[in-house]
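Okay, got some structures for you below.
The following pair of complexes shares a single chain, chain A, combined with chain B in the former and chain C in the latter.
Showing the complex of A and B:
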C-alpha cells in the first residue's frame, strides 16, 4: 500500500460545554491533497469540530496535529501562519473595501507585514491578489465595493480571502449554505477546479448530499459528537448504521 | 458685529474644536476597532494634563522644549493605557458590552481618586509655552498664537491618522478590524495585539489633548468627566467610529461652544447638547455614521 502523508490528524478530540459533550473522542486522519467531508445531522458537532480545528475553541481533551506540529491551544491567527485557513458558514468579507483590497488585506495579514511599520502592498502582493481573484472568477469585479456584490460573488470573494495566503489546508463550513441550486452547482465546479489547480487539502462540512458525494473522496459521519463512520463515499453510503441514523432520514 | 470679533470667535471655536478632535478621535478609534465605549478616556486626558504640569517645568526653558513636555506626558499615559488594556480589558472582550462599560467606569473612579490623592483638590495651571505666548495680528484682530498652534497641530494629527489608517499595514488592519475582527484573525492577524495598539493610541491622543489644553484651563478634579461627555458628543455627532466624522463633529461643537458662550451665556453649557439633539434627529447615526453591514 502506498504511504500517504497525513495533512491533519486528530486524536481523541473532545469538547464539553458544561455537562454537554459536543465533540466526543473524535479520531480523524486527513491525507494530503484529499477532500474530506464531515457530515451529520444538525447538532452533530460539525461546527464545534471546525471551531476546534481553527483554534476558535479550545479542546477539553485530545490532540490536533497539523503536518508534524501539535496545534492544540494555538489561536486562529497562528494557525493561519501555519497554513490552515477557513471560510465561514456566514459570508465574512470586509464590505466597505474593494474586492481587490479584501484580498490584499488577507495577504498582508498572513505575511505578518501588518505589524510592520510601513507595509504598503508591494507589486508582488498586488499581483498575487489578482491571480487569486482570477482563480475564483471575480477578477472583473476587482474594483467594486465588496458589500454590493451579489451573494454568490461574495462567497467567491470569501473563498479568495481564504486562498490568498496559499494555505495547505482549507476548511469550508457549509460552503453552499443559502445558495440556489444553480449557485450550488457553480461553487461545486469552482471548488473542484481550485482543488485540482492548487492541490490543497480541503475539509468541508455540508448538508447538501449531492455536494458531498460530488466532491468528497473521504467522508466522516458525526452523530451526537461521535464518529459513526469514516471512509470512502461508497462505503459510507452502504453502511447500515449510517443509513438508519442519518441518510435514511433524508428525503433521498 | 465687526469682522474682527467674528474672526476671533471662529478661531477660538476652532481651537476648542482642535482639542476636542484630538481627544474624540482617540475615543472613536477605540470604539470603531474594539467596540468598547471607553469611560477611562477622560481619565487619560486628565492624567495628560496633570503630567504636563510636571514635565513643563523641566522642559519649557528650551525653545520647543514644550513639545517634548507634551509628548512625554502623552507617552507616559500611553503606557498606562497599555497596562489597562492588558490587565483589565483583555479579559472582557468575549463578555457583554456592559461589562466593559462598568470596568472602564470603575477605572475612571479609581484614577479620579488617585489624582485627588496625588495632586489634591486645588487646581494647577501651567503657563502657556513661552515661545507660543505671543499674539499674531491678522488685519485688525490679534489672535493668541497658541490658538493657531492648536489648530495646526490638530490638522497635523489628522494627517498622521490618515497616513496611519490608509498607508500603513497596521492601520489597514485596524480598519479591517472595524469590519470583521473574526475574519481578520483567520487570515493571520494577531487581533489581540492589534487591540492593544488601538487602545494605546486612543490613550495617547486623549492625554495629548489634556496636555495641550492644560495651559489654557485650570487643571483640577472633574475635568475627566466633562471631557468624556464632550468628546462623546463630538464622536456621536460625527458618527461613532469614524475619524473624519470626529473632525466635523469637533468643528461644529467647538464653534457651538465659542458662539454659545458669547450669545447665550446662560445656556452655553447646553448649546452642544442642542446641536447633538438636532443632528441625531436628522441623522441618527451621526453625520458620517454608516449603517452597520
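Showing the complex of A and C:
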C-alpha cells in the first residue's frame, strides 16, 4: 500500500441512461495533492463521471468517498461545502455581475452566508475575492461586467469561482476547451502555479494530450464508460491497449 | 501604465454609488410629501393609491424581476394583510398590534404557499400561485359571517392621529418609503447577491454551495411580508376592504406595473404603478376600454423595449451624457492648435 491518503475514492461507480451505460463499474483512487487526468475519446463518459462526482447526477450504483465520508446522493451545493468545487466545460459565470461580484458570490455560497438578508459581504470576503482574482491574473478586470470579458478571461474567472472557496478537490472539465495554443499554454502554466501554491487535489478531463502529459501525475483512461488503464503517464503512454484503443490514432 | 497589482489590492466599494439616483429618489419623495398641501382630496386619494400599489409592485418585482420567480399570486398576501388588519381593528385589537401583526401573518401564509409551490417547476409554480390566489378569493367570499363576503368590511376605524388628511397621507408615504428602502437593502445583501446569482445561472449557483430552494422560499416570504404591509397601508387610507383585493386580477396588476415601469430597475415598478393608475383614472374617464391602452402599452414594451419606462429614461440619459461627452471631446480637440 502506498503511504498517501486518498482524497477521493470511487468504487464500482455506474450510471445508466435507460439501456445505455455511460459510466460502467469505475474504480478510481485519487491521492491527496495529486493531479489526475481523466482521458478518453468523445462519449467515453468523462463528463458523466464528473457530473456524478459533483452531484449533478445520481449514481445508479457504486460509491463515492470524499476524505472519510460517503458522498453518494449529496447535492452539488452540499459538495461545494464539503470542499469539492468545479469549473465547467462551458463557461458558467454570472454574466451581469461584475467579475469581483462573481467571486464574492462563490465565497458567500460556500461559507453559508447567503441566507443573511440583512448583511453585506464584508471586507474579509471582498479582500479574499481580490486575492483570488490576482492569483488567476484578472484582477485588473474586477469591476467589469463578467459577460463582456474575452473568452480566455472568462475561463480564468470560471477558475476563480471554483478556487475562491479554498476547495480540497478541484474538478476541471476540459479547462482548455476552445482555447488558442497560446491561451492553452498560459492556462497550463496557471494551473501548475495554482496547484503548487494552494496544494490542492485536481481532477481534470481533457482532450489535449499535451496538456494531459504536461500536467497529470496519474491518468485514468476511460473507454465506453469503463476504466481501460490507470497509472502514471509513462505507463499509460506505453500501455498497448491504450495505444490501440485511443492514443494509437491521430491524437498521439 | 498598469501599476503593480499587488501594491494596489485595495478593495473599493462593491458598487460604486450612483449619487444621482439617490438625489432623484429623495427629490421625488419630497415632491410626493407635498401632495396634501397642493392636491384636492380626490387627487390625494389617487396619489395614496399610487403609493400603496407602488410598494405592492416593488415587492412583487422583487420576485418576478429580481429573483426570476414568476408569481401570479401576490394579491393573496396583499389581501391577507389588508383583511387581517381590518378584522383585528374591527375586533378591538389596538392599532399598532394589528399594524405589525398583519404583515407577519401574510408572511406566514407566503411561507406555506412557497414551501408547497416551489417544489414544482417554473410553469407549475406560476400556475399554483394563481391557484392559491383564486382559493383565497373563494374562501373570503364564502366566509360571509367573518369577512363580510362580497360586501367586505366597510368603515374601519383608525386612530384619530392618523385620520386627518395630512397625517394619513404622510404616514402611508413614510411607511411605504421605509419599507421600499428596507427591501432595497435586502437586494444588496449577501442574500440578494445569491438571488441574483440563482436567476442568472442556477447551475453555477448550486455549484458554489447555494441551496436554491430555501433561498427562493425566503425571497417569497420577504416579498409576502412587504405585500402584506402594502395591504395594511391600503386599509389605513381606504378604511374599508373588499374581496376584489384578493382577486387574481389584483395579482396581475403589480406584474403589469413592473413591466410598464421596467423590471430591471428597483423603482421601475413604482413608476409603473403611477403610469398604470394614471391611465386607469384619466383614460378611464373617457372610455371603459382603458385596459386596452394598458394592454397595448405592455405589449409594445415587452416586444420592443423590455427595459420599461424607467429603463428607457436611464438609457436616454446615458445617450445624452455620451453625446455631451463626445461633443466636449470634439470641442477640446478643436480648441487645441
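Here is the rule we go by: the second predicted complex is superposed on the first by the 249 of 252 C-alpha atoms of A that agree within 3 Å, B and C clash if a C-alpha of one lies under 4 Å from a C-alpha of the other, contacts with A are read in each partner's own complex, and residues count from 1 in each chain.
Please note the rule applied: a residue touches a chain if its C-beta (ideal position, glycine included) is under 8 Å from a C-beta of that chain, and two chains touch if they have at least 3 such contacts.
The structure displayed is predicted, hence computed values, not measured ones.
Following the overlay on chain A, a clash is recorded for the pair chain B and chain C.
By the touch criterion defined above, A:77 lies against chain B and chain C together after alignment on the C-alpha atoms of chain A.
When the two complexes are overlaid on their common chain A, residue A:140 makes contact with chain C while staying clear of chain B.
Contacts of A:97 after superposition on the shared chain: both chain B and chain C are touched. Chain A has more of its residues touched by C than by the other of chain B and chain C. When both complexes are overlaid on chain A, the residue A:208 reaches neither chain B nor chain C. Using the contact criterion defined above for the overlaid structures, shared-chain residue A:123 touches chain C, although it does not reach chain B. In the superposition on chain A, contact is made by A:85 with both chain B and chain C. Legend: residue contacts after superposition of the two complexes on their common chain; A:32 is shown touching neither chain B nor chain C. In the superposition on chain A, the residues of chain A touched by chain B in one structure and by chain C in the other are 54, 56, 75-77, 80-81, 85-86, 88, 92-97, 105-106, 108-120, 161-162, 164-165. Across the complex, chain A meets chain B through its residues 54, 56, 75-77, 80-81, 85-86, 88, 92-97, 105-106, 108-120, 147, 161-162, 164-165. On chain B, the positions that touch chain A within their shared complex are 167-170, 172-173, 176, 179-180, 182-194, 290, 293. Those residues of chain C that touch chain A in the shared complex are 2, 5-6, 9, 11-12, 14, 16, 185-186, 188-194, 196-197, 200-201, 203-212, 214-215, 218, 222. Here chain A touches chain C in the complex through residues 54, 56, 75-78, 80-81, 85-86, 88, 92-97, 100-101, 104-106, 108-121, 123, 126-127, 130-131, 134, 139-140, 143, 161-162, 164-165, going by the rule given at the top.
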